[in-house]
Amino acid sequence: MELGLVGLGKMGGNMRERIRRAGHTVIGYDRNPDLADVHSLEELVNRLQGPRVVWVMVPAGAATQSTVDELAALLSPGDVVVDGGNSRWTDDEQHAEQLAAKGIGFVDCGVSGGVWGLENGYALMYGGDAEHVARVQPIFDALKPEGEFGAVHAGKVGAGHFAKMVHNGIEYAMMQAFAEGWELLEAVDSVTDVREVFRSWQEGTVIRSWLLDLAVRALDDDEHLEKLRGYAADSGEGRWTVEAAIDNAVPLPAITASLFARFASRQDDSPQMKMIAALRNQFGGHAVESK
Amino acid sequence: MELGLVGLGKMGGNMRERIRRAGHTVIGYDRNPDLADVHSLEELVNRLQGPRVVWVMVPAGAATQSTVDELAALLSPGDVVVDGGNSRWTDDEQHAEQLAAKGIGFVDCGVSGGVWGLENGYALMYGGDAEHVARVQPIFDALKPEGEFGAVHAGKVGAGHFAKMVHNGIEYAMMQAFAEGWELLEAVDSVTDVREVFRSWQEGTVIRSWLLDLAVRALDDDEHLEKLRGYAADSGEGRWTVEAAIDNAVPLPAITASLFARFASRQDDSPQMKMIAALRNQFGGHAVESK
Amino acid sequence: MELGLVGLGKMGGNMRERIRRAGHTVIGYDRNPDLADVHSLEELVNRLQGPRVVWVMVPAGAATQSTVDELAALLSPGDVVVDGGNSRWTDDEQHAEQLAAKGIGFVDCGVSGGVWGLENGYALMYGGDAEHVARVQPIFDALKPEGEFGAVHAGKVGAGHFAKMVHNGIEYAMMQAFAEGWELLEAVDSVTDVREVFRSWQEGTVIRSWLLDLAVRALDDDEHLEKLRGYAADSGEGRWTVEAAIDNAVPLPAITASLFARFASRQDDSPQMKMIAALRNQFGGHAVESK
Amino acid sequence: MELGLVGLGKMGGNMRERIRRAGHTVIGYDRNPDLADVHSLEELVNRLQGPRVVWVMVPAGAATQSTVDELAALLSPGDVVVDGGNSRWTDDEQHAEQLAAKGIGFVDCGVSGGVWGLENGYALMYGGDAEHVARVQPIFDALKPEGEFGAVHAGKVGAGHFAKMVHNGIEYAMMQAFAEGWELLEAVDSVTDVREVFRSWQEGTVIRSWLLDLAVRALDDDEHLEKLRGYAADSGEGRWTVEAAIDNAVPLPAITASLFARFASRQDDSPQMKMIAALRNQFGGHAVESK
């Protein structure tokens, strides 16, 4: 089938390649003309035969919104827009309504895979009406991993991004689990080869997982991670997961602890711990490290 | 080679079978005569040709201690004792010293595998002197999974149980991660098929793992886990992991949150939340649920 | 001075009384005619001599919004509206802009004090332009406690509600601190009189505080809190505090743990702990409590 | 009455002074002869008329143990030893048994008060048999604050230190509560005077407390705490509180979060966050800060 693809960055570019390898036609647009197949969104829309499917793969927020706005003006009733970016699930319902007013369908799709996706396939979680999902299905089939799993119609509009967001929340806590365990093993004298402990865990254990495999790769590059700073960004999905939990009164202690550990990792000095130091100084004459 | 195996319960019995399948001779003792090959520890020791290797697979604490005490009296210099139970790593050094005083070697070994171990092999983490480990190596090779990984000489005496303990701490937080994510997905209306979301994650995602596979199996048995109570025991290793972290001033927020969630799951009513309710009642005339 | 007061519930009614005791004139409106001095917002506005000050003390969200909408239509340039309810700080800037478009000033005010406020005074945190705050100052002076402290101009519009929200976040964690300590003391045999321990802490300790005094009162009513269920509502401010922290990448581990403990207290059974139980069952044949 | 006091450091020296002001005779011993009234423990014991009361105020652990050992040898049946140091509650029962074998009584006493104790009195929590406590009562009365509260017979041997330990655990979480709130207020632009917000909270609020008063004092010294590093030691009681909670399966999320925040504050770089960074780098090509 034919697909319009908007956004040809690291993710979008690889996805175009994977879809083409599956035998589909992809017409790609990007603001960067070196990456693009067409010069404008308008040209992209004109080049596609209706009814069209256009996959948006641009940064969440303003960029996605302006692309949806333009597509709402350019597309025709019966066309379908897929938002494959990292939009917050709360944006999806708005986009669906905005497009539905023009008779255009909407599917939201969370995409996982990173730099490994081109070869291994992308995990896909999508939400929307069955008829709209069906229109995009050949593309989902091209992008997903080859095995039995890796793609799911998770529910209504927004469910795709919500499921992907929760995936990332789980990922935060799994990463934190390995990180805590690694620090503890490194802290004791009796365990003399932490890297080999991690390596051994890759078979027969309860915790065997792709993240464990990646940890071993990382330790093979740099056994004690001496080349890195203990600094971790967070990408939005972790924050949104906690906010969604608060909205639904669901306690998320491990995922939230993982998010807060990242916040703290980015502080050169901790304001709250200054206050702790100040209070200790006030009541106890405790030794306080001054600058 | 020949192995004496003390303790033929669910774990020990399967391990005897796996070692025998590898062509070794196992003489097993258990207090339950229906399970045992010999009638006493003394008979077990007498049946083994020196230098002997005796693997202890009995409950941590008093049972392991009394077995080590008896073996210290029965064995000869040059023999080696392996503690394959769930002993706390702090016990290992004491056992090693106690046995070393008689010229007997000691190796501690953390064993993971549960009911899957007989067929798939057991993940093994062991600690002790290289010469003692070398004596046990054929047995480790018989027990471990077939692949490249699954067994490690983690370090000095105690390192095996320490590594296994940390494995279990990581396991706690990984389980908690999936549990939190599942509850959040179940809490929202837009995600209409949480089980299929979990199933899809088994390929192409960052969080693919054996625990995820098990979660899917559990959901296939009981899609909304309606047959279960939200009640989780804890086995000691989680507690010890947090205690080891405290000893070493290592922050373990996610693992500890996972342990505390289990504690709370076992309370019919939460005393601390009664105090919260009482305080709210005092200062605000907030509505409080009375019994 | 003259004040219009909208909302004469438990809080508003007591505040009217305290302001009147200070010698000011209060004209109160409430949807409940038994409580009200006038029959409508319009009558309230007409009864006040300009330039007017109208204090809104109704539930946050829709009720506050519709009151602000009505007042925007009824009031005149130079009048000032105070929102003394529990509005989210993000609403304040919108209300300020909406009213400023009509030349009407806006002050947001967080009010703490509960049922004790009438006699002891209300702690007040307000935000807005200095000229608008100055107009309300006599009312702030009437409401605040008699001592040196208890009222603050915290900053710009929104700062009052933000400061009150953080106050409540701190309150959550302080309550949780006492609750955790109480549960631990009750759990051990050696401490035979936990209530007297709490009572003794009221002098000479680092943790002496009004909340401790309230805990002692609660224990005097019901020594082991046997009449209460461990069930705690949450009022919005705790959630907003965590959301504000996420927006600002500030780690709030203790406050968030306190919020999540409340969420968990309201669950009859914990979905996430069902998943933990299910996973334990899958990998280990661990005993699981079935329904 | 007459008291022997061992240990005349910052705490012990002030306590000697407060007890003397109350009209009692104190004979003090310290390894530092400039502080001591006598030259040896033996001389101290000889100078006291029987039945004697000797209060030990030396560092927990080895110093307390060796003092108890010496006193066990020097004292007579009917004498009483008080351990007023920061011993772990688990040491108390051993000391009581050791001394009881010689007919010597034992009382453990947790003491709170720091540098403020000399003037304001010390909060005291003690454990032991009623007859032994009665012997020390005049000293407790001299040390405690003047009001109605501040001293408690908490229970059996060990209960005094246990109660003091829990007091400190609560203190950790209360300090963390104020610290988190302060950091969040400082993080937003709209709140222009955080110090005055804290100051105002000293009356009429739910969170008014001595720790809040101390926070205001600290902010008056250094409004934004710019002279301090965000570095906080921990003194043992926080760790023991968490360990006691684990022993009793009591969830302590806020207190433990406070302890872990202190651990993290002392790390120049976080090993666990290096692992997070390494994993992010592996799966996503995420930007990582290298050294």
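Order as written gives the chain letters A, B, C and D; numbering starts at 1 within each chain.
One rule holds in what follows: a residue touches a chain if its C-beta (ideal position, glycine included) is under 8 Å from a C-beta of that chain, and two chains touch if they have at least 3 such contacts.
Quick caveat: nothing in here was measured; it's all calculated off a predicted structure.
Colleague: Under the document's definition of touching, what chains do chain B and chain C have as common neighbours?
Modeller: A, D
Colleague: Measuring between mean CA coordinates, which chain is farthest from chain A?
Modeller: Max centre-to-centre separation from chain A belongs to D.
Colleague: Report which interface contains more C-beta contacts, comparing A-D against A-C.
Modeller: A-D
Colleague: What whole-number Å value describes the gap between the mean CA coordinates of chain C and chain D?
Modeller: 33
Colleague: Using CA atom averages as chain centres, what separation in Å is found between chain A and chain C?
Modeller: 37
Colleague: Can you compute the centre-to-centre distance for chain A and chain D, using the mean CA position of each chain? Integer Å is fine.
Modeller: 47
Colleague: On chain C, where are the residues touching two or more other chains?
Modeller: Correct list: 114, 176, 178, 180, 183, 187, 206, 211, 250-253, 257, 260-261, 264, 272, 283.
Colleague: Mind listing the chain A positions that touch chain B in their complex?
Modeller: Checking each residue of chain A against chain B gives 89, 112-114, 117, 120-125, 127, 144-145, 147-159, 162-163, 166-174, 176-178, 180-181, 183-185, 187-193, 196-197, 199-212, 241, 244-245, 248, 250-255, 257-258, 260-261.
Colleague: For the complex, give me every residue of chain A touching chain D.
Modeller: Residues 10, 114-116, 175-176, 178-180, 182-183, 186-187, 211, 214-215, 217-219, 221-222, 225-233, 253, 257, 261-262, 264-265, 267, 269-291.
Colleague: Which residues of chain C touch chain A once you look at their complex with the stated criterion?
Modeller: 206, 234, 239, 242-243, 246, 249-253, 256-257, 259-261, 263-264, 266, 272, 283
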